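Note that the chains take the letters A, B, C, D and E in the order they are written out, and that residue 1 is the start of every chain.
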Amino acid sequence: QDTIKVGILHSLTGTMAISETALKDVALMTIDEINASGGVLGKKLEAVVVDPASSEPLFAEKARELLAKEKVAVVFGNWTSASRKAVLPVFKELNGLLFYPVQYEGEELERNVFYTGAAPNQQAIPAVEYLLSEDGGGAKRFVLLGTDYVYPRTTNKILRAFLHSKGITDANIMEVYTPFGHADYQTIIADIKRFAAGGPTAVVSTINGDSNVPFYKELGNAGLKATDVPVVAFSVGEEELRGVDTKPLVGHLAAWNYFQSIDNPTNAAFISKWKAYAKAKNLPKAESVVTNDPMEATYIGINLWKQAVEKAGSTEVDKVIAAIGGQSIASPSGYTVKFDESNHHLHKPVYIGEIREDGQFDVVWKTDGPIRAQPWSPYLPGNEKKSDKAPAK
Amino acid sequence: MTRPTTSEMLALTRQPLFSPRMWAGIASVAAVLALLPLCNLLFPAGHALHVPAHTVALLGKFMCYALAALALDLVWGYAGILSLGHGIFFALGGYAMGMYLTRATAAAAAQAGGSGLPGFMSFLGWTDYPWYWSFTEHFAYALLLVVLVPGLLAFVFGYFAFRSRIKGVYFSIITQALTFAAMLLFFRNETGFGGTNGFTDFRSIWGLDLTAPGTRAALFWLTLAVLLGTLVLARALVQSRYGRVLTAVRDAEARVRFIGYEPLGFKLFIWTLSAILCGIAGALYVPQVGIINPSEMSPAHSIEMVIWVATGGRGTLIGPLIGAGVVNGLKTWFTTAMPEYWLYALGALFVLVTIFLPQGIVGLARKLLNRRNKDKEQTHA
Amino acid sequence: MRDDGPTTLIMNPEHELGGHASYGRAASSEVDTRHGVILYLDSVNVVFDGFKAINNLTLDIGVGELRCIIGPNGAGKTTMMDIITGKTRPSSGTAFFGQNIDLTTLSETQIANAGIGRKFQRPTVFEAHSVFENLELAMKADKRVWPVLGARLRGEQADRIGEVLETVGLSAQFQRTAGLLSHGQKQWLEIGMLLMQEPRLLLLDEPVAGMTDAETERTGELFNSLKGKHSLMVVEHDMDFVAQIAQQGKVTVLCEGSVLAEGTMEQVQNDERVIEVYLGR
Amino acid sequence: MNMHLPIPHLRRPLLRLAPAWLAALLLALVSLWPLPGHAALEPRTLAALAAASNDERLAAIGQLGRSSDPQAIVVLQALHEGRLYADPAAGQLWLQSGAGDAVTTADGTAATLPETATRITINNRLRRALASALATAQLHATDTATRLQAARQLRHSQDADLLPQLNVALATEPDPAVKKALQIAVASLELQSPDASTRLHAVNLLAHAQEASFRAPLAAMLEKNAEGQFHEPDLAVRTAAAQAVQKLDAHLKKIEWAGNLFYGLSLGSVLLLAALGLAITFGLMGVINMAHGEFLMIGAYATWLVQLAFRQWAPQWLDWYVLAALPVAFCLTACVGMVLERTVIRWLYGRPLETLLATWGISLVLMQAVRSLFGAQNVEVANPGWLSGGVEVMNGLVLSYNRLAIIVFSLLVVLFVWLLLNHTRLGLFVRSITQNRRMADCVGVPTGRIDMLTFGLGAGIAGLGGVALSQLGNVGPDLGRAYIIDSFMVVVLGGVGQLAGTVIAAFALGSISKFMEPFAGAVLAKIAVLVLIVLFIQKRPQGLFAPKGRSVE
Amino acid sequence: MLEVTQIDQYYGSSHTLRRVSMNVQSGECMALLGRNGVGKTTLLRCLTGVLPVASGHIHFDGVDISKLPPHQRAALGIAYVPQGRDIFARLTVEENILMGMARFPASKARHIKEEVHELFPVLKTMLARRGGDLSGGQQQQLAIARALVAEPRLIILDEPTEGIQPSIIKDIGRVIQMLKARGNIAILLCEQYFDFAHELADRFVVLNRGEVVTQGTHADMGSEEVRRLLAV
C-alpha cells in the first residue's frame, strides 16, 4: 500500500455546510500541498471525503466507516460540539485520531482528539478583558447573547464567573438566548438598547451561524453603532462576513487566533495558496474567497499531524499521539504555535479585530504571544480537581 | 348468480398472515440478517465470510429505522393519519434508554472518582439527579419508560386531537408543531437532557460492555426479533376486523359512525401503539448508534421517516421496511461515494419514485409479479 | 334465479328484536317503545345561516310502521334524517327514540348503536373494501375497540352475510371492491349494509334512485317484508314505488321544513296543495 | 518585512498594527518638516494622530476638535472614515478624498500616495472621541440639520470641558429645535454641577427629554452611597429626580408597548410574505409543497443576482436594485415553479401526500443546486440606502425602514393576490379544479394550463417573499428551510384555502410571539407559540376560517 | 352529429365496453338503456373524455375527438350532466352555473341567462348558497342548469331525473322537448326511469354487459324484448 488514507469529516450538506465546506476544501488543499512536496514517510496522502450531512448520528456512522472500513490514519473534521460528542465514542472504541479545528467551549480532554481551535481562555476571556479595558470602551455592563445550545451556555457561564471576578455584578449582566435559526431580533435589540441606557455596555455574542445576519442587520437599522454598544462575536469571521453587508457593522469586534489581515509572510503564502487553489478547483465564487481561523486551524492541524507522523516514523495512532506533544509550526497567525506537551491543545495567540468595511478585520489588540489552553476553565467550580493531562489509554 | 358458500367467505376472512411465498421471503431475509453478526463473531477479519463490524452496526441501525417506518405506516397507511412528528416518539424512547445508559456510564465514572452525575449536570451545578431521572438506573424501569413515555404522550395528544376531529393536514401540522416544540425544549440545557449534545459516550448496558462484539450481536438479534415480531403483529392487526374498521375510518370516517363504530377509540389505539413501537425503535437505536440528541426531534427527521414509508410503499407493511433500508442504504452509500452530489441523486430518487411508482417499491414489485404470473398463466393455458 | 325473493331475510329468532341486549355502549338502556311509538319529533327547527331548513316539524312513527315521506326538493327530508341520526343538531325542539332516548344528546355512533340505521341519499359505501367486508363491517356486533380487536367471523354470521348478499343481488360480486361497483349496485350494497345492522328503525333516503323498474319492484317487496318487524322511514320521489310500499299506510308530505299533508297515498295524491308544490300537473 | 498582499480589488496596502518605532520616527520626521501654510494645524498634533498610544491620539483628536481651522474637520473626517494615511518614510499625512482616489496632503495640496504609506486605523474609543470632536466642530455649521445632529450627538457626552463651548453655541443658536437639543446636552452635563439650583434646573429639563439614557444618572441621584447618604444631597433635587424617573418609566412602558406592537406587525408581515405563496400552492391547489422554502430562496438569490448586476453595470442606480429585483424574482421563481408543475407536480394531483415526497425531493435538489452554483456560504445582500436605518418615534422607538417597507409590501402583495383570485376567473377556476378536477375539465376548464399558471403564481409570490426576506436576514441555501415550518403553520392555522385566514393568522402569530417574548424569552416564546397552535387547532380543527356547510364532514 | 364506432374500454383487466357503436343526430333524443352496471355511465364517460377508449373512434361533427381531453371536447360544445351530480361543493350556486360557461371567454360569461332561472326557480333564490349545501334534487337541477348554460350542441345526461320531485321531472321533460324542437342540439339521455325515457326518446340503444344488444326507434321501445332486457 503506497498511500496513507486521511479522512475528512465535514458536512457538505445541511445546515452546517455553510461553515464546513470551506474546511473540507482547505484540508484538500493542504493534502495536495503535502503530496506535492513528497507526501508523508514517502507515501502520498489520499483524502477520503464523506458527507455526514449535518446530522449527528450520521457523523457517528461516517466516523466508524472511516476508521473501520476505510482504515484512515487520521480524521480531520467536525464543527459543532454535538457532532464532536457524537463521534468521540467511536474514536475511543476504534482508537482513531481526530483533529478538531474549531473554537469550542472546552470542558473536554480526550486522548484521541487534538484540538487546533481555541479553548475559552484563548478566545472568550481575552475578548471580554479587552472590552473591560479603556481601549475596548471600558464596558460596565454586559449582554451575553447566544443561541440556546451548549457552546453559548457554557461560554457564558464561564464569562459570567469571569465577570464576577472583575467585580461586575449580576445586575449588570443580561443573558439572552434565542432558538436556532432565530431571525427576528427586534425585541432583543430593543432590550439591549434599554439595558445599555444604564451605562457603557458591550454585547458578547455567541449567536450561531445563520442568525448572525439578521442580528447585525437589525442592529445596524436600529441605529446601535459599535461606538454605542460594541458587539464582540466568537463565531463571526471573514467567511461569515462574506454573506453580510458590512457597512453598518464597522467597528464591531471579533476575537480569534487568526485573521486574514494579519501581515506576515507565512500568512501571505497561505492566502495566496488558498486563492490559487480556489481558482484552480473552480470553487464557487472563487474570486472572492477568504481565509479564516478554523481554516488556518485545519491547515496547521494537518501539517502538525504530518510532522508527528514523521517523528514517530509511523502512522500508527498510539505512536502519533506520543509524538505529537510539543510539535510546533510557524503558523499564518504570525507565531510559531505548538501543541502542548500534555493537553492536546495548541498554544495560540489571541487577536481582537474590528470589522472593516471590506469584510476584513483591523486588529486592535493582541496577546503578547501564544497562550496555553485551559480546557477546564478555572472559572467553573469543580474544575480545579480536573487534570489537564489528556487521559492515557 | 352463484351464491358464495359460508366456507368460502370464512376462508376469505381467515387468510393466512402471509402467503407461503411471502413467509419464505421473510424467513430467508431474516435468516441472512441473523447470520451476519455470527459471521462477524466467528470468522476472523480477512476471512472470505467475515462480515465487518461496522456493516453489522449499520444494518442494526437500519432495522431500527425500519421499525419506526413500520410504526408510521400503521397509522399513515392503514388509518390515514399522517404524522409529521413521529420523530418525537422515536426520540423519547431513545432518551428513556439513553437515561439508563448515561447513568450506567456516570456510575462507572463515579467508581473511578467522578461525581456520579453526567458531565452536563455537574456543569449545570446540579448536585443530584432531578426527580424525573429517578429510578432510571434500573433497566426494567427504563424499559417501562421506553413504552410509557411515548405511549402516554401519544395517548393524551391523540385523545384530544381525535376527539376534536382534527384530520388531514391539520393533524399533520400540529404533530409537526409538537415535535418542533419538543426539540426546542430539549435543546435547552436546563431541561436536563444534555442540551444539543444529548447523550453519548455510553459504556455498558445491563452490565455488558457496549463495545464488545457479543453485546453488539445481541442487540442486533434483539432488534431483528422485535422487528419480525412487530411485522407479524402488524400484519395480524391489519388483517383483522379491527384493521378493516381502521381502513374504513381512513376512507370515510363519518360513514363509519353511522354504522356504530366510534372512530376515536380505533384511531387512538393504533396511534398509541404506533408511538410505542416508535419509542421501542428509538430505544434499540440508541445503544447501537451511541448517541441520542434533539436533532432526532427535528421536523425534517420526521419527514424523512414519512419518506421511507412512501418510497417503500405505504399501506403495505413490507414496503416501509424496504423503504427505510433502501433510502438509508443509499444515503450511506452516496454520502461516501459522491459526497457533494448525493442530494441530487436522493432528490431525484424521491421524485422518480412518486411519479413512476405510485405504490412505492413494493407496488412495482407487485406489478412485476402480477405480470409474470399472468404470463405464466397464459403459457399454461 | 332466485325464487324465494326477499323472504330469506325474515329473521331467525336469534335476530329478533329485543332478543339481545343492545350491543353498543351508547344505549345504556334498551329503547322503550311501550307506547307503540318508536320515533317522536317535536317542534324541531333547524336553521342554516339564517335559512330555515326545518320549521317546527312534528312527526311520530309507530313501532313496525313503514312511513313514506315525500316532498319537494329541499323540503328538508334529508335534513330530518340528519337530525335523527345525529349528523345535524336541531336549533330547537326534541327528537326521541322510543320514550327514553333523547337523540339530540347522543353522538352518531351512539344513535347507530341504539338501533337506528340509515341509507344515504348518495350511496356511500367503503370504497376500498370488498362488498363482503362492507357487509361484515356493518354487521350487528359489539363495535367497541377491544371486542373488535378480538372479533372473528363466526359461521352463522357468514351465513347471514350470504343471505343478505343474495337479497341485494350481489352474490357474484362479493369479493369485488365496492368502489368499482356501478351506481345502482352501490345503492343495493348500502341497503344490504343497513340490513346487516339489524336496526329497529331504518331510514332510507331515496333507496330506488338509479334502479331499474324491475329492481324497484323487488326493493318494494323487500320493504314490505320488513314492515311490522322493523320500523321504516322511506323517502322517495318515485310515486309508483311509494304507492307500492305505502299500501294503506300513512304518507307524509313535507314542504319547506314542516308537514304539509299526511294521509294515505290516495289522499295525498289528490291533495291540491301537494299537486301544486310537488306532483305537478 | 512588509509584504504586499495580493488582493486585487484592494488598491491600498493592507493595514496592520503600526509598530512603535514607526510612530516615533514619524513624530520626529513631522517635526522636522513643518507643514507649510497652516500654522493653526500643528504638525505635532497631526503627527500624534498616527501615534502608537491611543491616549496620545485621543488628545490630538480633542485638540483638533476645538481648533477653529476648517481643515481640522477635514482631517478628522478623513480619519473617521479611514481615509487618512501616514508614511513613516516621508513623515507625512495623506488624505484620500471621499469620492475617488484623489489624494491630498493634510493641508489640502494634491499629491500622490506613496507605496509605503499605510492607512491609520482607529478603534471604537477613538471613533467615539472623533464623533464628539466632529460634533463640537459642527456646532456652528451653517446648516441647521448638521447643527441639530451635532447637538444631539453631544447629549451623551460626559466631557465637562465641553460645557463652555455648548453654552456659547446655545447663546447664539437661532433654531428652537437645535436650541432644545443643546439645552438638554447642557443639562446632562450640569447634573454634576456643585450648585443645587443648577442641578434642579437640569433635572427638570431632563424630565421632559423623555430619553432612556437619562434614567440612569437620575436614578443614581436617588441611591445611597456606602455611608448611607444620598448621592444627591439636596431634597428638592431628589424629589424632582424621583418624579423625573417616574415620568421616564411611564414613557418607557409606552415605548415598549408600541414597540411590541410594531415588532409583532413586522414579524407578522414577514410570516405573511413567507406563507402567501404556500397559501396558493398548498391552500388552493392542495400540493403539500415542501419546496416552497426553496422558492423563497430562489427569490432571495434573484435579488442578490440583480444586486450584482447593478453593481456591475449600473452602480449609479444601485439604490434601486430592490425594485428591479421584484419582477425578476417573481418571473424567475414563477418559471421554476411552472417547469416543476409541468414535469413533476402534474402527475400527482389527487394524491396530495405524494406531493410531499416529490416536492421534498425537489427541495433537496434545488438546495444542492444553489450550493453547487453559488457556494454553501451565504451571499451578501445589502439594504439599499433608503431601506437602511430607521425613523425614531416617541423618542426611543426606532422603526427601521426595511421593516416598514416590508409591512407595506406584504399588504400590497395580499391585495394583488386577492384581486387576481377574486376578480379574475383564475380564482374561480382554481377553486373548481381543487374541488372536482374531473368535472372542471368536463365544463371546459383547461385544467393543465390553469394548474401551471396557478402554481407559477404561487411560486412567483414566494419569490417576492424571498426578495423581502433578503432584506432582513441571510441569503443562503438553507434560507427556505428556516421558513417552511412557519409557513405551513400560518396557512393551516388560517384555514387551508382561506386567504383571509392566512393574513390574520400571520399577524396573530407575529403579535403573539412578540408580546410573549419580553417576559418569556425568545426560546420559551417560540415553544409557547407552537403549543398555542396545537391548542388552538383543538378548538378549531379546520383553522381560523373553517369551511362550513354540508360538504365538509 | 355524434358517431361512435366500435369502441372498447377496459377497467384494468375487465372489459367494460365491447365494440360499442351508435350515433346521435342533431335535433333528436337518443335514449341509452340498460340494467345496473352494464356500462352506461362508462360509455358516457368515454364520450366526454373522462375515460380513455382502448380502441375505436368517436367523431363529433366529423372530427375525431377520441383522443381529445375533456375540456377540448367541452369547447366543441359537448355538455355533460354526470351521474352523482358532481357539483362544486364549495362554490356558490351562482359560481357553479358560471362554471358551466367556462368554455366561453370571460366577457361572455358574466351573467346567467334568465332562461335558467325560469326553468329552475329555486336556484334563483339560492344563488349565494354553497352548491354542496343544496338538497340532492336541487343539486341535480343545478347540474342540469350548468350544462344548459354552456349552449351545447350535444348534451349528455346521465340519469337526470334521479332524486328530482315529480313536478320538476315534468319540467325537465318539457325542456328536453323544447331543445329537441330547436333542432340544433343532440341529446343523449341515459335513464332508468323507463316511462320518462320512452316519452322523450326518438331512438334508443340497450346495453348489456358492455355490448349493444338492441336498438331501435321510439316505436320499438315498448316491445317485450326491450322490457326483458331491462328486467332483473
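Details
FYI, a residue touches a chain if its C-beta (ideal position, glycine included) is under 8 Å from a C-beta of that chain, and two chains touch if they have at least 3 such contacts.
Keep in mind it's a predicted model, so treat the numbers as computed, not measured.
When the interfaces A-D and B-C are ranked by how many C-beta pairs touch across them, A-D comes first. Distances between chain centres, each the mean of the C-alpha atoms, put A farthest from subunit E.
With centres taken as mean C-alpha coordinates, the chain found closest to the middle of all protein C-alpha atoms is B. Between subunit D and subunit E the centroid-to-centroid distance comes to 64 Å (mean Cα coordinates, whole Å). Note on chain placement: the centre of subunit B and the centre of subunit E lie 51 Å apart, centres being C-alpha means.
Each chain gets a centre from the mean of its Cα atoms; for subunit C and subunit E, those two points are 30 Å apart. In this assembly, the C-alpha centroid of subunit C lies 68 Å from the C-alpha centroid of subunit D. Within subunit A, contacts with two or more other chains are made by residues 12-13, 148, 179. Contacts with at least two other chains are made by residues 184, 187-188, 254, 340, 343 of subunit B.
Annotation for subunit E: residues 133 touch two or more other chains.
Across the complex, subunit D meets subunit B through its residues 282, 288, 290, 344, 347-348, 351-358, 360-365, 367-369, 372, 481, 485, 488-489, 492, 496, 523, 526-527, 530-531, 533-534, 537-539, 541-543, 553. Listing the residues of subunit E that touch subunit C in their complex gives 11, 35-38, 41, 83-84, 122, 129, 133-138, 140-141, 159, 162-171, 192-194, 230-232.
The residues of subunit C lying in touch with subunit E in their complex are 48, 51, 71-75, 77-79, 121-122, 169, 180-185, 188, 206, 209-215, 218, 237-239, 277-281.
Residue ranges of subunit E in contact with subunit D, taken from their complex: 48-50, 69-71, 74-75, 79-80, 82, 86-91, 95, 98-100, 102-103, 106, 109, 130-133, 146, 150.
Residue ranges of subunit B in contact with subunit A, taken from their complex: 52-54, 57-58, 61, 115, 119-120, 122-123, 125, 184, 187-189, 195-198, 200-202, 211, 289-291, 293, 295-296, 331-332, 335-336, 339-340, 342-343.
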